[in-house]
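Shared between the two complexes below is chain A, which pairs with chain B and chain C, respectively.
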Partner chain A sequence: MDATHRYTAPDAVARYRGRALLAGADFLVAGVVLAYTLGSYAGYGGFVQVFRSYLVGFFFCTGIAVGSLAWLSLGHMTGGAWALTSRRLFEAATRTLPFCLVLFIPVVVSLFVHEGGRSLYEWTDAARVAGDEALKHKQPYLNIPFFVVRGVIYFAAWFFLANLLNRWSAEQDTTGDPRLRRKMQDISGVVILVVGLTATFAAFDWGMSLEPHWFSTIYGLIVLSGWGLSALAFVITVATFLRHHEPMNDAYQPLHFHDWGKLLLTLVMLYAYFAFSQFLITWAGNLPEEIPFYLRRLHGGWQAVGLAIILFHFALPFALLLSRQRKREPSRLRRVAILMLFMRVFDLVFFFAPSVHAGGEAEFGARDLLTNFVPMFSMALGVGGIWLWYYFGQLQTRPLLPLGAPELEEAIAAAAEHH
Partner chain B sequence: MRKTTRPPLYGLIAEFDNPSDAVAAARRVHEEGYRIVDAFSPYPVEELSEAIGVHRTHMPLIVLIGGLLGGTLGFLLQVYVEVISFPINVGGKPYYSWPAFIPVTFECTVLGAALFAVFGMLALNGLPEPYHPVFNAPNFALASRDRFFVLVESRDPLFERERTAEFLRSLGPLEVTDVEH
Partner chain C sequence: MERFDDPYDDTRIHVTPAVIEPGHTFDSVTDKISALVLRKRTPLGWWVGLAASFVLTNMMLGTIIYLVFTGIGIWGNNQPVGWAFDIINFVWWIGIGHAGTLISAILLLLRQQWRTSINRFAEAMTLFAVACAGLFPLLHTGRPWLAYWLFPYPNTMGIQPQFRSPLMWDVFAVSTYATVSALFWYTGLVPDLATLRDRARSKFGRVVFGMMSLGWRGSARHWARYEVVYLLLAGISTPLVLSVHTIVSFDFAIGIIPGWHTPIFPPYFVAGAIYAGFAMVLTLIIPLRKFYGLEDFITDRHLRNAGKVMLATGLLVAYGYMSEAFIAWYSANKYEQFMMLNRFVGPYAFYYWSLITCNVIVPQLIWIRRVRHSHVMLFVVAMFVNVGMWLERFIIIPISLHRDFLPSSWGMYAPTIFDFTMFFGTIGFFFFLMFLFIRFLPVISIFEMRTMVPEAQIKEEA
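Right, the complex of A and B next:
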């Protein structure tokens, strides 16, 4: 590899960076307006609906960052060409974690927003908690100060570990010190453990406590696999995009896409497995504290959303990804990856939106599909666009391949020869 | 005694001591137009199988059919047992409670796919095969240790003993030897 070939980010990244910010800002404003108007119209409380829609965007972007941290450490532990060539793309995503902490601020603000007896998190409403034995019982855990402290602890842990991996990886570029590889590998076991635990608690806090009477022990794994899925789908999309630009068009080979495609298939199945397990156990148990979660989601048009998730979050991508040719062809793999990103947001809406009636009032109806999907997708695109602007900025700061990794040349050459 | 029409030679085999030479040779053999070719290595070398063009098999299709068959039969079995043959009221749920059938359906899919994979593989590769002429090649036992072999069978339309041997020798092997039947 010649010295001039530093694998810096192509100009297109800078170009799309500005566009992402602009589009993100537009969608964010549109999302706020739509969420407020439709939320007031549907009687959810306009501001509460703004925050609920925002939560979808926050959860999605933070999920990509945390999921990337998990993939990064998995790659360090297993090694392999797929991990080397995607390392910088995942690293840049983990460097957005401080930005995700900023995105967390509105979630904290939402804890103080109450509107006509409605709040995003029911347990933040003192009057409701006072009249509810179950919520009173959960108060030592579900209270505002502890919620915020926990959130900060999760981010601190993620940022600390991501920072170590990023620093050593950058150091490897300049020094090529072989001990660094071992260090990154060693810390990665710790990262997997810490991410597994913190993500579980983050999922309980941010997602599950939207419906504080309900609980599911597999929820943490559902969320973590969803984060892993969106992180991988996102990185595949970025890689297929970079592949059209110098100098990355020779770096990513069909073999690398093939491996990423296989991992994507694995995650599609893993997610379906976890999500179905939760459904099956809740459905079979049919207990009064558990089943309302699905009752809310299987009536008034929401059963169609559930069916769409089975079909387009599992069946279709599963069938498509069986094909070896599709996994090796970047432009075809990209379509599946984008489908998965879309379906991740779709699934988050399915998980978060019906919580508006968690208090046990009226059932959700078909009208609620419109009043939730429209603002939530707009908000996901808005927060996502701004997050993407930050991500592209991080992508520009380092070479797009880990130049100091001893196995890099082999990983690219072997794959190239392969085809 | 009936005269056999079998050619006197099974083929010619070239021996290499490293995988890259073997892969390069296999590619040249393929480019030269030989199609009834085989290659042997102590461990899987994916490039080697791609070089001689044997990567495509019917295995994926066979496994897919096995999976679909297993899943369908597993599901229908449960429907028959739970709805028709021996209905039991479980927790007040309908007899036809498809969510409860999914885990077994999944397991049956895996079972069907695995069985079709094993027996399909055996059917396609012809194992077990007690006798194979390639073991008559002098150093062939080393194929499971540190040697790599490229074989051109005499059934190949382009096969001519002298010319093919000459061609194989030009690829830089350790040795080119006859393989008797």
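Right, the complex of A and C next:
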């Protein structure tokens, strides 16, 4: 390795940064307009639908940031070349957390938006809560001030821990102090613990409480593994992009992609395992509080969405990622990673959209596919584009590899294969 | 070769992690491990241990005879608690087996070299634990001689097993698990059995080890095929680590009893199984390495890593408890809430809080470096976890059953003396098999340990 090489972000990042912002803004505007029009037309409240669609984008981007924090600490704990070479990409994603807090503001606003008896979160509607024993019972937890306070606490915890890891990692670049490695490793156990707990409750708050009568003990794990999956697929995509440009074309080795591909396969399986556990146990129990969640999602055309998730969120990537060759070739691995990012949004739509009728109104139908998928994808691209602009900005601020890490040279050497 | 993963070594990053103490050669490794089997004099302590476990084994056999002649009414389970010690012990033993499979299969695929000296031992533990586990549902059928009815075979009765029942899936899961574990273990043993054959001094030893080693000559072709088979078996075993305990959890979660029916059960059971398994690994290897002087092969690093795995899986289990408790309240379902309240302050509250102490509070000590490095402390924590994981199944199974939806059908559960003789009998049986294994087969994989010594690393320098 050239000792003076700084591994700064290529100019392409700056170029794509601007494009991401522009595309993001376009999609965001289109998403707002589409959500409002289609939402009003479908009769679930234009503004409410704007916020519901926005939630998909917020949840997706924040998920990448929080998932990256988990990967970052996992990497510090286990060590290995895959962790070193992806560290800066994950770190940059964790530095978007303050931006995600800004993205959280519209979610807070949504708590106050009621339109013709409809709200994004049913429990924010005082009239509904008053007439519903279960919602009254949950009020000590599901109420606006506590929801906001909890949200701020999650972000504060994530930001605090991400900041420590980022600071020490930057310090390592300049000083090369070997004790920093130990410090990062020691704090990582705590990070995993805190992220596990906060992300679980964030999932309960932002996702599960969209259908406030429904509950599932595994929901936190489903969301957590989904966030981990999005973060990994995102970082793989970024790495395959950077690989086309100086200076990273020499740094990333097939071995790194191979390891990331293996981790991606693991996460694909883990997510399917959690999601299937929830489905099988709910379906077999068939209890009135639990089964409506799947009844809403297995009728009126939505069963096709569920089937598509089984096929393209699990079966196809599983089959593709079994191939050793595909994992080692960045251009082929990238296609799987992009598929996973797409399917993550797809899956979020499946999870969030049917909450429109959580109040128990008319059944969800095929028409609702269009009125949900179109604005939600547009909004995910919109929020995602703007988030990407911020992410690329963060990526430019530091070397793309942890220069002070003593194992770096060995990790990026075109090493002899060890298996 | 792993280079980055010794957390206690900040400067010398190119040093091979201490999975074997320095100074060993191919010969010394072979001598030391095979001597445990081939030596003439058997240590007195071994005889004492074997005798004690043999007594307990006979207690189990006596219980089984009495049970078969009398019926399962000799146990304490009855309405409303139809499942108790039999299923608790089944789940407990099956769980313990999981660490063996994780160590031998998953850690192999993850290229974790520290697994090498403990895999043989852990796999044996898996087999013996599965044997103990299998006894319980078999006897709980009441007529174990008709247990083959559980299999779907063409029969004149015109009936088939209920394929929608997870109990049925359990039959397939556990029998697959037992088969694959046995194959994996034996395949790994073959090269070492040949070593013993070549080194045995008695004719009897040469003949027996010769037959068991299946004609192994150690030729390059043998090794090439061996490597492929071993890797394939590892691949087949890997999903079993997840699937077996997932299906065990379905035994409960598919039902609609509060305390049983909850979607987090599959991952929570799997984590609990690995947790219990690593606790049992530590319980066994800490004394073993001491009494047999195996400190060179089973190093501090092994114990530390096993401790860390125990801590991590223990935290997952704690997460399960937290999620269950929170959702019980959040569900606004009075049966769910009552179930949780009954655990907290009901007649068996003492056991619930003991469970929390053993499984959640005490293991947090492993965060402390000094505890991780102290063998005595690790052993003590592991014992707490052994007890805690048994209590966990006790809390889930009888405590959820004893007070169900209808107060008029409530009841209390108490085990009988035969529940205990059966349970402790299987512990004796487990140790009986363990003692025989330690005496007659190499407890550490000789040929894999040979790859750990510096002589084997020469190609790195070339």
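Keep this in mind: the second predicted complex is superposed on the first by the 411 of 419 C-alpha atoms of A that agree within 3 Å, B and C clash if a C-alpha of one lies under 4 Å from a C-alpha of the other, contacts with A are read in each partner's own complex, and residues count from 1 in each chain.
To be clear about the criterion, contacts are C-beta pairs under 8 Å (C-beta built on N, C-alpha and C of every residue); 3 or more make two chains touch, one makes a residue touch a chain.
The shown structure was predicted, so the numbers you read here are calculated from the model rather than taken from an experiment.
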Combined model on chain A where chain B meets chain C, clash or fit: clash
Please indicate which partner A:Asp250 is in contact with in the superposed arrangement: first for chain B, second for chain C, both, or neither. neither
In the superposed arrangement, does A:Phe274 touch chain B (first), chain C (second), both or neither? second
First, second, both or neither for A:Glu409, with chain B first and chain C second: neither
Could you say whether A:Ala284 touches chain B, chain C, both of them, or neither, answering first, second, both or neither? both
More residues of chain A are touched by which partner: chain B or chain C? C
So, does A:Gly79 touch the first partner chain B, the second partner chain C, both, or neither? second
Is A:Arg182 in contact with chain B, with chain C, with both, or with neither (first, second, both, neither)? second
Under the stated touch criterion, which partner chain does A:Asp11 make contact with: chain B (first), chain C (second), both, or neither? neither
Which of these chain C stretches, 45-53, 81-89, 225-233 or 279-287, gets into chain B when the structures are overlaid? 225-233
Output the chain A positions appearing in both contact lists, the one against chain B and the one against chain C. 280, 284, 418
In the complex, chain A touches chain C at residues 78-81, 84, 133-134, 137-138, 141, 178-179, 181-182, 185, 189, 193, 196-197, 200, 204, 213, 215-218, 220-221, 273-274, 277-278, 280-282, 284-285, 287, 289, 406-407, 410-411, 418-419
Touching chain B in the complex, chain A uses residues 276, 279-280, 283-284, 286, 322, 324, 417-418
Residues on chain B engaged by chain A in the complex (per definition of touch): 46-47, 50, 60, 64, 91, 93, 99-100, 102-103
Chain C residues within the chain A interface of the complex: 1, 3-5, 7, 10-11, 13, 111, 242, 246, 250, 253-256, 261-267, 315, 319-320, 322-324, 327, 330-333, 367
